[in-house]
Amino acid sequence: RSNEGCRDATESWKPEPTMNTTNTTRHAVLIAALAALTLGAAPLAAQAQALVVNQAITEAEVLSAQKAWCQALVDISTTHVRDGQPAAKALAEKVIDAAYGYQMGAVLFKPTLTVNPQTFRTTRAGALAYFVGGDTAFPKDTGFALKGWTRCEPVNAAVFIAGDSATTMGKVHITGKDGKVTTVDKTWKFVKDDAGRLRIVVHHSSLEYVAAN
Amino acid sequence: RSNEGCRDATESWKPEPTMNTTNTTRHAVLIAALAALTLGAAPLAAQAQALVVNQAITEAEVLSAQKAWCQALVDISTTHVRDGQPAAKALAEKVIDAAYGYQMGAVLFKPTLTVNPQTFRTTRAGALAYFVGGDTAFPKDTGFALKGWTRCEPVNAAVFIAGDSATTMGKVHITGKDGKVTTVDKTWKFVKDDAGRLRIVVHHSSLEYVAAN
Amino acid sequence: RSNEGCRDATESWKPEPTMNTTNTTRHAVLIAALAALTLGAAPLAAQAQALVVNQAITEAEVLSAQKAWCQALVDISTTHVRDGQPAAKALAEKVIDAAYGYQMGAVLFKPTLTVNPQTFRTTRAGALAYFVGGDTAFPKDTGFALKGWTRCEPVNAAVFIAGDSATTMGKVHITGKDGKVTTVDKTWKFVKDDAGRLRIVVHHSSLEYVAAN
Amino acid sequence: RSNEGCRDATESWKPEPTMNTTNTTRHAVLIAALAALTLGAAPLAAQAQALVVNQAITEAEVLSAQKAWCQALVDISTTHVRDGQPAAKALAEKVIDAAYGYQMGAVLFKPTLTVNPQTFRTTRAGALAYFVGGDTAFPKDTGFALKGWTRCEPVNAAVFIAGDSATTMGKVHITGKDGKVTTVDKTWKFVKDDAGRLRIVVHHSSLEYVAAN
């Protein structure tokens, strides 16, 4: 087991593309082109460069955040296999702190496999327990992210960008170590934090409905 | 069968309390109290009445919109039993047009019982077919709202008001004609339209997860 | 005087480019490209087309709305010269109804030349009186838009797009019939209504400060 | 001169009431009341406590932030008289960092007395120079907050709360050391940052228009 590989796995969940994209639109963008030259006799001043700050969420940022979530799931599974549950838990904490909005008050999180009376995980502790288990306060959690996932692919049915938030709904296909694919119906709502990073503030995941025969 | 009873059922889904509350906050509210008396020697003008317009969504509006959705479900079922599918369909159309945001471009709607390849109902036609069936374009839909529901109760786990939108997550308990209760996990996102009415723009509903034994 | 020219002037204030742009982003945009083909052994379904609705305000929409405001000012002046105050007033009413958000409850409007105790024009009547005069309820208004303006050019210092709203701040240069240019410092906040049209909800205009010597 | 008095002045600008109010609505509020008792035969679970997070800006928060801005102006003036320009500058930096949104990319700030070509102060440095002078990059700034202000009172014409932002427009009366009152027309737009604190992101201030005789 190489340390280098370990670092790769530990860091790979970071949604770097999102951050880069975000910085581009969030921070001041100097529009280089001089605007419409003033024509005619009126003694108008030439238009200077206008400062443009754009906090609107883009589709590219949304897709990047989804991809980062999927990669994080696989990375936690990979870390678990290689380094054990404590390492997976440490990584899951980083992922939750970077990708969810628990510091904003609460996240409306309905994970795929939770049951009563702990169906909803509005706290960071509840999310962490769901992903990596090992918390006696959530005795039925066995660690969804520890199940040996090797691949995760979001397929959106719809992306609705309201400007300062964006919601997606669609399928997410998750491949297990045996190659079997589990598909869930998933809704995510993202908002942009003050640093320009997308954060999940709503997450509803459910197994596909199967009609009884 | 009395016309009066029919009208009652036809109209009862209207979220009147929401509209009233909305009007109060949406339209200009004249603050009657004269503000801080000017003290001291400075010749300041007495503060006039400030116009206050408040579009923020309140918790009361959210709860009222949820209650209206539940009442509409029962009303459609009641109308179906008494007046048949066409009457139920006509009511469902009114409900969808009044309570959802399809006119805003799309609704991210994952109903409880839909299956591939028509799991998601981003169009008005797809929502209507789910609720009352009878649309050959959605052949597996038998009409969820026609199943004889007699009661519907939302129980929120969390309400997150972002200011210009509000999202709820929780259980909804629906009682059938035989008294059996079906419970779903449900996420709703509401926004306020230009007229001050809450509209559902995201709706993810799923049966509770049951662990295999 | 030709009717055709009259119609041109009457209609030219309409912010058509804004509407076109808005429709493009507001209404459902079907993304034609099939997304990432699934490779490898996993039996994942090919990704279908995702529906994308994007309500975020774009810089192009903002610039178009500013240009439309300027054109409307010149058009009202032109109409006044050619057809008189009633025609100018009729046009001003159309402009206000199309470009401002008075129907949303109020507009925070501080026109350039108003004085106490009617500095702020939070109602449609107050805005109309400012632009075309002739309202005994606003006795000091002589009609700012009737002053024979021949040209109007916004020069933004900054554009801040918050996603679901956008605010601009900068100079607006207005040329009178004698060729003299008046420059004002102007702040506009725009929001998108349910039909996808930008509307002015905040408008603060002031003459440039001139230091006493 | 007592250190205690100095500390009072240094700290008094802090918008504590805003923070307290903010925490109440921002952070999770546990609704203690058990909701609707379940009636009838249906075996519904008693409704648990719903978590409510409310980020909507309240009128009280807006008024508190305005009051804090006014108090800060007087405090900087007081500090300048007692402790000199460097102390006033240090306080002004704290005020700007706490009450404005420069860290969000830019603030659309048109101060009352700025002139071309530096009318607009979209950067922190430009705001600081306006308030306390002493910056060779802004040679015409003499320090607006150093003018010996003894009192500052906002009188709103209108408050428009859009949910996740709030804009005010009205008069602000500022009393100088000689008792003379200067009145400005002022527009402020506030947003709530991730910590729940209101920040000024738009600020347009202008002297009242005086009609030529």
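By written order: A, B, C and D. Residues from 1 in each chain.
Here is the rule we go by: contacts are C-beta pairs under 8 Å (C-beta built on N, C-alpha and C of every residue); 3 or more make two chains touch, one makes a residue touch a chain.
None of these values were measured; they are calculated from a predicted model.
Homomeric contact subunit A/subunit B: same residue numbering on both sides for over half of the interface positions.
Placing every chain at the mean of its C-alpha atoms, the farthest one from subunit C is found to be A. Subunit D has its Cα centroid 33 Å from the Cα centroid of subunit A.
Centroids of subunit C and subunit D (each the mean of its C-alpha atoms) stand 28 Å apart.
Subunit A and subunit C have Cα centroids separated by 37 Å.
Touching of two or more other chains is recorded for residues 48, 51, 53, 55, 105-106, 122, 157-158, 160, 162, 164-165, 170-171 of subunit A. Taken in their complex, subunit D has these residues touching subunit A: 26-28, 48, 51, 53, 55, 103-106, 117, 122, 164, 193-194.
Within the complex formed with subunit D, the subunit B residues making contact are 35-36, 38, 40-45, 47-48, 50-59, 151, 153, 155-165, 170-171, 173, 175, 179, 181, 192.
Remark: subunit A residues 105-106, 108-110, 112-116, 119-120, 122, 140, 157-158, 160, 162, 165, 167-171, 185, 187, 189, 191, 201-202, 204, 206-211 touch subunit B in the complex.
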